[in-house]
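In the two assemblies presented below, chain A is common to both, partnered first by chain B and then by chain C.
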Partner chain A sequence: MAVPTEFSGVVLSLENTIYPDEKLQETPSQLDGLSKEMETNLRIAGCEYIQAAGILLKLPQVAMATAQVLYQRYYYSKSFVKYNYEICAMACIFLAAKIEEHPRRIRDVVNVFYHIRRKLNELPNKVMDYMSNEYFHKKSEVIKAERRVLKELGFCVHVKHPHKCIVTYLKILECNDNTELIQKAWNYMNDSLRTDVFMRYTPETIACACIYLSARQLGIGLPSNPPWYEVFDATTKEMEVYLLIVSVIDSVDMLIYQVKYVVDIIAS
Partner chain B sequence: MASLHSLVNYGADSDNEDEQEDRNKDSLVEYRDEDSAFKAAEPTVVSDSATDLHANGKAAFYVSESDDDSAKGKLVNTDQDEIDRVQLPPEPDGIHSLNVQKKIITMLARKMDSNMNKILEKRKNFRNPSIYEKLVEFCAIDETGTNYPAEMYNPKLWDKHDYYNAIAKVQKETYEKKEKAKQSRTQYISIVKEMMQTGKGRNAVNSTSIQNNLCRGSMSSLYIV
Partner chain C sequence: MSKEPYNYPFIHDVGKYEKITKIGHGTFGEVFKARNRISKEFVALKRVLLGNEKEGFPITSLREIKILRALKHDNIVRLQEICRSKGTPQSRKRGSIYLVFEFCAHDLAGLLQNPQVKFNLSEIKRMMKHLLSGLFYIHSNKVLHRDLKAANVLVTRDGVLKLADFGLARVYSRKEKTHCFTNRVVTLWYRAPELLLGCRDYGPAIDMWAIGCIMAEFWTRSAIMQGNSETNQLTLITQLCGSITPEVYPDVDKLDLFKKFDLPASQKRRVKERLSHYVRDRHALDLIDRCLTIDPAKRIDSDSALNHDFFWSDPLPASKISCLSRLNVSMFEFLIDRKTTNPQHRPEQSQMSQQPGYDRVF
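After this line comes the complex of A and B, so read on.
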């Protein structure tokens, strides 16, 4: 008797995708023989590229955040060995700009990346000729990469951001007058985009963790008995792991930063 | 729990604090229970959370070899010294207002039947898509801020010539200049051609050879430019 064929369904959701741990531990790049350190560096390098490009493209921070999350997600299903990180970063920011309703021309994206690369490697300023083969080649690569990202993520490219949560939560905690606290929490969130926390936790938890860490550093007391963040569904366990990841990234970042430029020089 | 502590070094008073937090968690779960009840429950919960951490492998990336055998082999170890360097400032005591604490307690009680995040999401002003820009403006937030020291990562590295519209402008100008040069050259060639065509009747052989030479000349000048 024939077994009825089961087709996999597609679920489109506005919630962020949280990856299971097996997927986070054994990445395609590592299966291709890339070391864990190198992979982390490539992730950080790509995210820094995206962030810098976003600034130069005058995009709102949410667009950069979306692009970085897409970039990270993509490399949990594809390998850095097979797909160039810079082209993918370009595709992600190009796509994210459209998602966040601030579209930019592909030419501007290519230009900005070209410019950043020259500036970081301390080369003299030069613009790319937009009738040159180099430009046409880059452009078609980016378009192809964008299509690959979309396909790989199943067109679920909406990202829920914790930006709004930070301000709302601080308002509930009656700390919304403290600009320093808001800014610091906001900064932590920008910085943690380089890590895989957005693939591990809900945006609400990340917002809580950012506030928690900033309040501690600024010596601001927040209700702890019972802890305030339980209202927003964050648990102590999650917070601790988050803090750990962010702080470890903070402390080893100097090393990563140096390696990053080595990567950059090799790639160029 | 012990292994969890070895992961994070929170400084001097970390142990008490961790326990306190765990206790808080218990007190939430067993909200109206007697003190003794949650004390009895405490050890099991604590060990649960510790084993969970390892089982999930969430913290496994930061676990050193000696800590957990299951983490060995498939994961890269981060230097134990690096982890030890991570320190979180201690919790300041008693500065927060009692009002807020009360608010949290009532909210937690309310949370039993409905989810706070859902409530927030449903609020009209939270759903407003332009609220983001308003918030940034209202709270005077530097959107692209970072907590890294400037020598490590500096989002303010760029000046006004680096922005995309400035680059596009320069690019366009360069291109137009090039086009113009090309155009004037083709104009020159066509003028010469015209002149030769009018003189064609007189000396046909000569003019074609000149034309060829000119074309060759113009081609090479194209390459030079």
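After this line comes the complex of A and C, so read on.
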């Protein structure tokens, strides 16, 4: 299926789009005067919202993953200053649910975000008023945002996830019985979604990095001469940069747990 | 590993094309013939209906775009780009999204309904070969078309057939055994028996059934089983292909609706017998017969069909279709006013209207 297709001169394939460093440095939001730190926070917050909403909407992880990648990519074309991050997060999960063949009603998406927001603001639970102007307005905003995401990404919204690569590689490395290793690698992969690694690396490299980190943590030795990951096309340099980025994840762990806690309360 | 360019295809304004005429109207959108204002190249614009889209961008269009972008083959209609029109806030008009396709001069339904268009055996072989090559390609890419019928097969001026309308298409995987697909796909007249009986884990065989129906139409010139309800369609199938029983279709009693329908029993299979009046070639008859096999597990697949003697015996598939180059107007089903078709050429149709619910094509 990964046949490259030509579109008005631009050769495209279903492979993921990789951004050059310049594009990652000079984001539209920073050009609009937003600080780098604030932008990072908004990226993380949006992804957390998506993750939490996805769990409440009983979506499979792949839908949340797609939504987070779309969300991240969109804000390399558009600015957080001009386009509300919460509406965009809603639009991304709404769209990703359809892309991954688990469509959810727009009403449920709006409702779930409403609940998460009330929880985060420590407000008591309340049923959303489906006759209210606020609800109608939100719905139409989400639909408009969905169109903008599609347009901005040129309808290239089908994301290739490293989940499958992880499974394949562990099989080749004959580690596919080690459930602890699989689980750890999987968690790393889900956490990476909050960063821009999906714009920097191919799914294959990300899969290698996740395996690398997990094996190191669990003290599992993998072939090092030559390094096992080179077999899967990842270079040592790429792996090093990746490790740096992943260390950022640890600093946002607090936020992640905060949201996870909220989700647990709502879900129970 | 090659790094891809990071810029996404730009979504141009549809104004770069000049609309010429409307050539189709379906459940999922309108289709226009249009011309690129600069290159003067003709295209077909398919508008994604968003009007009262309460659930945002339609999932069917997302699938259609995903699938069409991944498929690239001579016998699959080519998606050139995606365009949009801006909404105007004053008139409260929402913008639209258009899929831009290479333009094809005809659709197969339009051609078959025109009595002046005549195909000889070797031309039919060529067209069937194109159809099956396209289908083999999509099936090997794990895509089901799910809406094959003559109106969704396009024909270029050079006589190349292209599968179109992927609005109902879906990706399937052989590994996942329990599909929860809707069985309400495929236009009734082309719907395979397993779909009519409520099967939800169907596969490529449903497209092969439709191919069998289309193939017969090259000779009969109209759909061979024109049911007016699901029950009636099953009755027509039974009358042509014989009774649907666990003997011919072992798992049929596990299907939801099998016991619900009170289908005619002990009907003999008469596909070859009844079609032989139209289809003189024995290989052609045999191929149609194999496509119209009741049990999907025994129905011929696209690969075996391409290797069938039909394509490998004299006369061999033609290298061109002569009558098309003489046609200077486009034949689209939508543009044909049924009332003006001469009833003498279509006796089966006039008879049809007198006795609804009975199989009269033969």
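Methods note: the second predicted complex is superposed on the first by the 238 of 268 C-alpha atoms of A that agree within 3 Å, B and C clash if a C-alpha of one lies under 4 Å from a C-alpha of the other, contacts with A are read in each partner's own complex, and residues count from 1 in each chain.
One rule holds in what follows: a residue touches a chain if its C-beta (ideal position, glycine included) is under 8 Å from a C-beta of that chain, and two chains touch if they have at least 3 such contacts.
Computed from a predicted structure; not experimentally measured.
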item: Per-residue contact with chain A, leading partner among chain C and chain B; value: B
item: Chain B versus chain C as contact partner of A:Glu204, first or second or both or neither; value: both
item: First, second, both or neither for A:Asp233, with chain B first and chain C second; value: both
item: Chain B versus chain C as contact partner of A:Met38, first or second or both or neither; value: neither
item: Touching partner for A:Val81 - first (chain B), second (chain C), both, neither; value: neither
item: Touching partner for A:Leu95 - first (chain B), second (chain C), both, neither; value: second
item: On chain A, the residue positions that both chain B and chain C contact, one per complex; value: 204, 233
item: Contact footprint of chain A on chain B as seen in their complex; value: 4, 7-8, 20-22, 24-25, 27-28, 49, 52-53, 56-62, 74-76, 78, 82-83, 85-86, 88-97, 99-101, 103-105, 107-108, 111, 115-117, 120, 126, 131-133, 135-136, 139-148, 152-153, 155, 157-158, 161-165, 167-168, 170-171, 174-175, 178
item: Contact footprint of chain C on chain A as seen in their complex; value: 1-3, 5, 7-8, 10-20, 23, 94-95, 98-99, 103, 105-106, 142-143, 146-147, 150-158, 202, 204-205, 233
item: Chain B partner contacts - residues on chain A that touch it in the complex; value: 21, 25-26, 35-37, 48, 51-52, 54-58, 60-62, 64, 104, 107-108, 111-112, 115, 119, 125, 127-131, 163-165, 167-168, 172-174, 176, 179, 182-184, 186-188, 190-191, 200, 204, 213, 216-217, 219-228, 230-233, 235-237, 240-241, 243-245, 247-248, 250-254, 257
item: Chain C residues within the chain A interface of the complex; value: 1, 3-12, 53-57, 59, 62, 65-66, 69-72, 79-82, 84, 95, 97, 141-142, 171
